[in-house]
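Per-chain residue numbering starts at 1, and chain names A, B and C are given in the order in which the chains are listed.
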């Protein structure tokens, strides 16, 4: 009897590991970054586009905008592709084809982000430079690469949402004389909408948090882009590029960048969780 | 010292799932070495009654039990009752045969070994239990095969043997022959008859013919209450209650 | 006008577009794999695998980076597995749904969403700076462990939940205690699924770069203690490619990295499928 209680206590402590890691991470990131935000002022830090850490200017406005633009671009590319794959896999193909395609597409998730970035530099960047102009390392290149990288997230969560729709909905619609496509569009997709929205939000989180691939293809110039062909620097790249040599206020500013990123991601995750729970 | 003539005695037992009352003021005595039948239509509370007798009901969330259940002289619903030990004394065979994903041998000896039976006794215990459940001849040459390979009837007898291997004092059987063919059913019933010498057996079934064939005494449950208790022969020949008569003559249920 | 078209025609058009998109996605995948294979596999020789890199990785092989990768991954898995499996057991076997499970699940979900660069920042400030471990295997391993913890929790929970409830009933009805039931029947039955989670975590660790750059560092020497810095294959590949040190060696490293991850993920996927089929 006592042994059972003891085991339960130990397991409870183990179970607290994930939430306590999260709390500790939050504390440390905020502890390191908040002083700088206090010092610079939240408004200047977020809205100013002047980033010259050695001279004491800490404005990450341009990077916030770049991060959002790159993410938006990734969604424009990744969501239609991913959703199409999910619909085909969940609705329009035979069991045998599905059993082959699903694990194949899941392979995409296993390819490391540095490999995506590398192939972006080798293939995509020259393609953009030669055919569309600009330096090639650009907002567009980063969007395309991220669009591909979020596919596994979008596909697998959307498939779950689609397969969760009960078959009676489909049968009812088909029985009324609707075509398969009409059934998917008018019945299945609306019924799965909250799951698909969750997929999109989690895809956004994945895109905005990605670092290595973006560093390699985005060009990393600190300014507000005026076209998709210009180089940009995202929040994540800013941290990764400068953490190696930063010290003092400069390092604090990188942690402060981390806070902004962290808050964005947490808001996205929370809304995904809330939407998923509402189902 | 043992002043209690009954093996099990239920006093004013009531059982609630959330707001549904599954058992309503049950009073019942079960004697040693008898086969006691519980019959009634489905949802009448028979299976619930079994789950109370070895506290398997603890596993279901949000239930409430009132009243007392005495096993010999011990109140098994008392908070300080050692549930693990109780389940060793009161074995339950579930309605669906469910061998563990192990070898036939391991299905038999796992629980006794964990209960602390010495290793040298296990072989003998296994053979004795398998023989008691009338399956020894069929499996003695393949004890290391997976138990999942056995047929449905064999699996059910294996599960009975597995319960017997714990050497319980009481054996609870929940629809042990549902889904079995007549030959397997006959074998199980034969087994029960042999087991009566050493065990107290409670058999739940909604097959009235089986109850009539296999039990000594019977209680008829209807809508969470006991309608009639008595010697099986008497209940089936001269039922006192009209509802019992209707049930055993197949007018409902 | 699209809505005036016959529904059959609309259906043909829609299906064509959807299949075309699916085809495009598959094509991208095939392109990546073929490209890395064609350029990378010829570089992979026994000496490439068994020699240390020389001249910043311009010459020689990748042996020391393989060793660093193995150390970091092993450490991360050794730390995260007991935590993750313990959490999963607690969530599935010891509690009913309530505030405690909600907080624990929320923690795991959020942790899964934390970007690796944030984990890198955290590992850098806590393990590298505050605790004074420096850029080292232990700093990297601890941070990686936090990164893979949610993966292990999620898969282990799924696996344990897939074990039929009846097995537990049988065990309890035979007078086995809860802990005996878990260790003798539930965990062994869920083992393929738990292994899947651990393998997926290995795959994730192999490909990780951002976390390790700031916690384990990039020293090319073979690490000999927990407090040595070590450069993993992924970090090595990133540095080779980004600084243009050696494209052939970069491709070779990428090929090994990618194929080991794909192989691990495939096996993991197969294990989980087989287990789920057995219990359904």
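Some points to look at:
Just so we're on the same page, contacts are C-beta pairs under 8 Å (C-beta built on N, C-alpha and C of every residue); 3 or more make two chains touch, one makes a residue touch a chain.
If you're wondering where the values come from, they're calculated on a predicted model, not measured in any experiment.
Nearest to the overall CA centre, using the mean of each chain's CA atoms, is chain C.
In terms of C-beta pairs in contact, the better-connected of the chain pairs B-C and A-C is A-C. Put simply, the C-alpha centre of subunit A and that of subunit B have 56 angstrom between them.
Mean C-alpha positions place subunit B and subunit C at a centre distance of 48 Å.
Centre-to-centre, using mean CA coordinates, subunit A is 17 Å away from subunit C. Residues of subunit C in contact with two or more other chains: 177. Within the complex formed with subunit B, the residues of subunit C that make contact are 96, 164, 166-177, 180, 184-185, 189. On subunit B, the positions that touch subunit C within their shared complex are 54, 56, 59, 61, 84-88, 91-92, 94, 96, 98, 100-101, 110-111, 114-115, 159, 162-163, 166. Of all residues in subunit C, those touching subunit A in their complex are 7-8, 10-11, 14-15, 17-19, 21-22, 24-26, 28-29, 32-33, 35-36, 82-83, 86-87, 89-91, 94, 100, 103-104, 106-111, 113-122, 124-126, 146, 149-150, 153, 177-179, 203, 206-210, 213-214, 234, 237-238, 241-242, 250, 254, 257-258, 261-262, 264-266, 269. Residues 3-4, 7-8, 10-12, 14-22, 24-25, 28-29, 32, 80-82, 84-85, 87-89, 92, 101, 103-119, 121, 123, 148, 151, 178-182, 185, 202, 205, 208-212, 215-216, 236, 239-240, 243-244, 254-255, 258, 261-262, 265-266, 268-269, 273 of subunit A are the ones that touch subunit C when the two sit in their complex.
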